[in-house]
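Just below sit the structures, each encoded as structure tokens.
After this come two complexes, each holding subunit A, first together with subunit B and then together with subunit C.
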Partner chain A sequence: MNDYRPKDKAANFSFVFPALLIFSVFYIYPFFYSFVLSLHRSDGIFTYDFIGLAHFRDIFQDKAWWRSFYNGGFITFWALTFQNVLAFALALGVDKAIKTGKIYRVIFFILPVLSEIIIGLLMRTILLSEPGILNHWLNQIGFGFITRDWLAPNFALLTTALVHCWKGFGWAFIILLAGLQTIPEQLYEAAKIDGASYIQRFFKITLPLLMPVVSMVVVLTLLGTMQAFAMVLSLTRGTGRLTEVPVMIIYNHLRGNQVGLACAEGIILGAVLVIVSFGMFAFSKWIKDKT
Partner chain B sequence: MIVKPKNLIGLILLHTFLISVALSCICPLFWMINSSFKTNEEFRNDYGLEPAEEFNLENYKKAIFDGDMGIYFLNSVFYTFITVFIIVIMSSLAAFAFSRLQFPGKDIILFIFLTAMMIPLPAGFVPVYILLNKLHLANRIGYVMAMSNMGLSLSIYLLKTFFDQIPRDLEDAASIDGCNKLGIWWNVGMPLVAPALAVVIIVNSLTVWNEFVLASLMFTNAKLMPVQVGLMEFYNKNVIDHTLLMASLAIAAIPIIIIYIIMQKHIIKGITSGAMVG
Partner chain C sequence: MKNLLKFLSIVLIIPFVLSGCGSQETKDEKIIIWHWMNDRKETFDNLASLYKEQTGLIVEFKLFSPPDIYSQKVIAAARSGKLPDIFGIIGEKKTMSSFIKAKYILNLTPYMKENDKSWQNSFYPQALDVNRFKKDNTYNVEEGIYGVPIDITIMEFVYNKDIFTKAGLDPERPPETFAEFLSYAKKIKETLGINGFISGWGEGWLINALAVEWAINLMGEEKFIQTIEGKIPYTDKQWVEVFSMFLKMEQNGILANNITTMINKEAEDLFSRGQSAFSFNGSWAVNVYKQLAPDLNYNFFPLPKISNEHPVKIWGGAGSSFLINNSSKNKKNAVNFLKWMTAKDQQNLLAKETNNLPSIKNCQEGLTGVLADMIDDLDNLTHPNIWPVNENSRVLEAIISGLQQIVMGLKTPEEVAAEIQKVKERGSPK
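For the complex of A and B:
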């Protein structure tokens, strides 16, 4: 069926054309357009003045921007450690308790399916000290001593990080569980016969075989968390600047008609993410080659 | 799989751990639904922590009819349905061509699509929004078009790997019987890649349904807002009416939870295979 007449080539090309058109207009063009915009002081409609790299110079001196990077990094740190360790522990547990595993799997994945806005607004209502649902409940069950204003400036960032982990762990759990279930049972049986302990089996079989999945989860967690926005917006509104994340700054600059600045910030964040994620892939490959 | 808990204590500890995490997931959702049935007086007394006395649907009526939640919801259904339909058609046509047909620039175009999956564009919404404004497309059509680009690369990749596995004999037979390429794509290809199509539909539906950033920039008119933007709007207008707020969140959440529970097998499979590719 593969003819090489020009007419056929054109007909064949028309299969790809719709996708290519949409992709060019909404991905390729915006990609380059944002570099052009980043060199201009522009509101996107009327003004359009070339200012070279001035935006980038300003951003590097902008404390609020790097503060947002720190905030994003803080949330990412919790997501990489707490969320993923919890997800890994749960995956190991469910993998074992295979009979009831299904129901846990269904429950843990409800939160990742729901939108960030629903989770953010729900937790905002529960956590705000007025009416103080969580605090009231903690008092009821005798944990009155840890009640506090969960979204107060000095605590909001940690709360945000924990809510993010709470929403996200089910996702990491599902992927790690899928990875665990690809490891053949016979390997464990053989190791058991050879007298390997649980710890030995975990470090000699589970972890090395799961390494590709783990490194993928790590990179995707990093990318997802550094670009978190809607959940933080709906949960805290930024709490002054204290829980502001990078995408929130970009969004607000766009809303404030500082389009060039927003593009420059997006380029910096994107470049950092590309470098870090490729660095992590290289690192995990290096570990794999060594072992 | 790794170790069979030898003793009862181990098993109890394991299940206590699993159940407590599971409860932490479900309880806030139950609290949300429970509170949504309460009147404000009831809520003030028990903080929504006691079971509701009756299924009082007043809050739902108020949210859907007075608070525009009904409109937001239908808008979301509309955007999701149209966008996913466009993605399915475009990506399956393209994937079929990448797998089966010859045309100039094929390898380069495929390479560009696949590279795009690996480059994060955290501020991609900025130039897209500016562009849509310039083209006077800051409306439903523009939004659907911009959204149908979001899952395109992944969908093409998933479908192409499936098309690659179809034996060519089937197509040869169809073409001998006088089927043209479009006919082969529709009659032979599409039924055979149905499992991958299910994944494409699920992953993209969730993406579009849950999208917030671009929609919040583009739709300032309440009549056009999808549910995620509408929820923020609704929250800001009714900050103090907690039971009404919970009803609005429940309206957005319950249909998704029901669909999820019915289709959880496919959804979990879809998300897993989507992530494994990325």
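For the complex of A and C:
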């Protein structure tokens, strides 16, 4: 390796250079520029007044910002539990269905392919109390007693979380199914011969071998859900702070030419997500080591 | 290796070549205009053809939509020195002031004053004020007029006359007071089962505009401005009374379900289908309703007042304005084109084709129906862009979400007032 001549090194570098250039221009530079902007009161046009960490101090006192974190956390909680457990259960069921498995994969993957805006608008049309397509269906099948305004203040956040689960379920399903299919069948057969029950096989073979995939799904869910935006915007618009999520606040501040503030919020959100993601990886590693 | 270097050189050169192509426009003699007004594309193109016939000069309107994308394009173009000859800015006056301070916008005052101010005097003053910066303004912008209004937008209540008739109300007599408005809406809800009031309150600016109109009616414009200046707190009892109007509307059951999550397009659609008796909307809705329901029998009316002490002010002013690039080589031609565009014949054509109110006076005879009735309301306009100071955007956020929370039954007007005041006192980070 050390015998490479400078000319060879230059040739090798030239292969990496385009990707490095693109990555630097479109990722590294904007990241640092965002940090610089967060230290300024800036309209993003021509005004740049240095104010140090004042935006960060302001954000820590801002109840609306932390309320949006709670909302994002609530939606994430439902995604991590309900959505992923359901996806795992269905992936386990489909894993063995060799012939029909492909059909299920297509069916469950249709939703993630659709645009979030479309899903939000579609679900809004279904869930609105007037004209109320869902309520109409419920009445038709004799469940009129549970009809309600699904976007009313007391239901809006839960409805948003469930719609998000419905939309995000397909991703988790596909990734978990792919993970399950990498586990060699011989392991299960050997365990069966040794008299292991289904539960034992699940906890001793499936879960430990799938743990890296599960932790990846957990982190992807966390990152994706905490940054949910378009679907929430088209479904409820985050009205009255009830379903407002962090990215929606950042978006509104950018639209309102409060670019410095929006950058500071983006940095705080990014930092929290990085910390939680590393925490999740450490936790899943600990689980894996224990099992 | 040589091939690789060739490839890399080409990859690196392409963006520069492409960006060079973009700057070609400004070298041409033709006047380039950027805008975001989807609904006026055809009319603008017709005006351009007409101008070419009359003067031989080529004008090209370039549409960039949606508005968010347009705004970003204008900012990017300004920073890279590639603004077209004429463009518009979407946003607050503060945004316009940033452009002016960076010397991207031509001061039109000398042109407005030509021939004994004939161009300046042709406009409704309220429309021109939106683009005017007075002496010693808070934006620190040099005094002057920096934009040419091409139409006027006002925001008022609108009602469905056929629903009025069905409910046994006089279709030619809309409510004048808030109490009347509530009783009419309740009667319609009770007799016909139709929503009393609908509006796109999921979009904060609509609910804020209505609150501002009621605030000015109740406390007068002077006290309203004093609140923005921080001399009067939002916890003042008159402000609490303004916020209570929204609670009363909710408590009387006249609001459409999900009104706080509704966008204006949704509200316009439902109103045009006769699913609500009243709405609060802008004059642009004339064109929208015409497209959605050509036979809709409706009219606009001023704010149902909550006090007789102060006059009703209507949220309005220049709807869209065009500005001239200070660095344009076509400055003189651009000014001449805008003078032509805001002359009587062209304003009549714009009003007729786009159903917007003209920005110049003496065009009334060209207007018909609802638009003709609105002309009388132009004397009482108010708009953030003509106030001496503007509210902090964090406070505006608090007002909007607070009003939405009142309507959703989550907070009382007193709680909302206290929260707004808290945000106001926190101020902007320094």
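Methods note: the second predicted complex is superposed on the first by the 267 of 291 C-alpha atoms of A that agree within 3 Å, B and C clash if a C-alpha of one lies under 4 Å from a C-alpha of the other, contacts with A are read in each partner's own complex, and residues count from 1 in each chain.
Methods note: a residue touches a chain if its C-beta (ideal position, glycine included) is under 8 Å from a C-beta of that chain, and two chains touch if they have at least 3 such contacts.
Here the structure is a predicted model, which is why all the values come from computation and not from measurement.
A.B. asks: Just from the overlay, do subunit B and subunit C fit on subunit A, or is there a clash?
C.D. replies: In the superposition, subunit B runs into subunit C.
A.B. asks: Could you look at A:D58 and tell me whether it touches subunit B, subunit C, both or neither (first, second, both, neither)?
C.D. replies: A:D58: touches subunit C, not subunit B.
A.B. asks: After the superposition on A, what does A:I275 contact: first (subunit B), second (subunit C), both or neither?
C.D. replies: It touches nothing on subunit B or subunit C.
A.B. asks: Of the two partners subunit B and subunit C, which one touches more residues belonging to subunit A?
C.D. replies: Between subunit B and subunit C, B touches the greater number of residues in subunit A.
A.B. asks: Looking at A:G170 after the superposition, I want to know if it touches subunit B, subunit C, both of them or none. Which is it: first, second, both, neither?
C.D. replies: So A:G170 only meets subunit B here.
A.B. asks: Go through the superposed model and pick first if A:G44 touches only subunit B, second if only subunit C, both, or neither.
C.D. replies: A:G44: touches subunit B and subunit C.
A.B. asks: Tell me the contact category for A:P153 with respect to subunit B and subunit C: first, second, both or neither.
C.D. replies: second
A.B. asks: Name the contact category of A:L180: first (subunit B only), second (subunit C only), both, or neither.
C.D. replies: A:L180 sits against subunit B, while subunit C stays out of touch.
A.B. asks: Mind working out whether A:P18 is in touch with subunit B, subunit C, both or neither, as first, second, both or neither?
C.D. replies: Both partners.
A.B. asks: With the two structures fitted on A, what stretch of subunit C runs into subunit B, 6-14, 42-50, 60-68 or 204-212?
C.D. replies: After superposing on chain A, the clashing stretch of subunit C is 60-68.
A.B. asks: Could you give the residue numbers on subunit A that contact subunit B in one complex and subunit C in the other?
C.D. replies: 11, 15, 18, 44-45, 255
A.B. asks: Looking at the complex, which residues from subunit A come into contact with subunit C?
C.D. replies: By the definition above, subunit A touches subunit C via 11, 14-15, 17-18, 41, 43-47, 51, 54-55, 57-58, 61, 64, 124, 128-130, 149, 151, 153, 156, 235-237, 239-242, 244, 252, 255-258, 261.
A.B. asks: Can you name the residues of subunit C that touch subunit A in the complex?
C.D. replies: Going by the criterion above, the answer is residues 1, 4-5, 8, 11, 68, 75, 78-79, 91-92, 94-95, 98-99, 101-102, 201-203, 256-258, 260-261, 263, 275, 393, 397-398, 401, 404-405, 407-410, 426, 428-430.
A.B. asks: In the complex formed with subunit B, which residues of subunit A make contact?
C.D. replies: Interface residues on the subunit A side: 1-2, 4, 9-13, 15-16, 18-20, 22-23, 25-31, 33-34, 37, 44-45, 86, 89-90, 92-98, 100, 104-118, 121-123, 125-126, 131-133, 136-137, 140, 166, 170-171, 174-175, 178, 180-181, 183, 185, 188, 198, 201-202, 206, 216, 220, 223, 226-227, 229-230, 233-234, 246-247, 250-251, 254-255, 259, 262-263, 265-267, 269-270, 273-274, 277.
A.B. asks: Tell me, which parts of subunit B touch subunit A in their complex?
C.D. replies: Interface residues on the subunit B side: 1-5, 11, 14-15, 17-18, 21-22, 24-26, 28-29, 31-32, 43-44, 47-49, 89-91, 93-94, 96-98, 100-104, 109, 112-113, 116, 119-131, 133-134, 145-146, 148-149, 152-153, 156, 171-172, 175, 181, 184-185, 206, 209-210, 212-213, 217, 228, 231-232, 235, 242, 245-246, 249, 252-253, 256-257, 260-261, 264, 267-268, 271-272, 275-276, 278.
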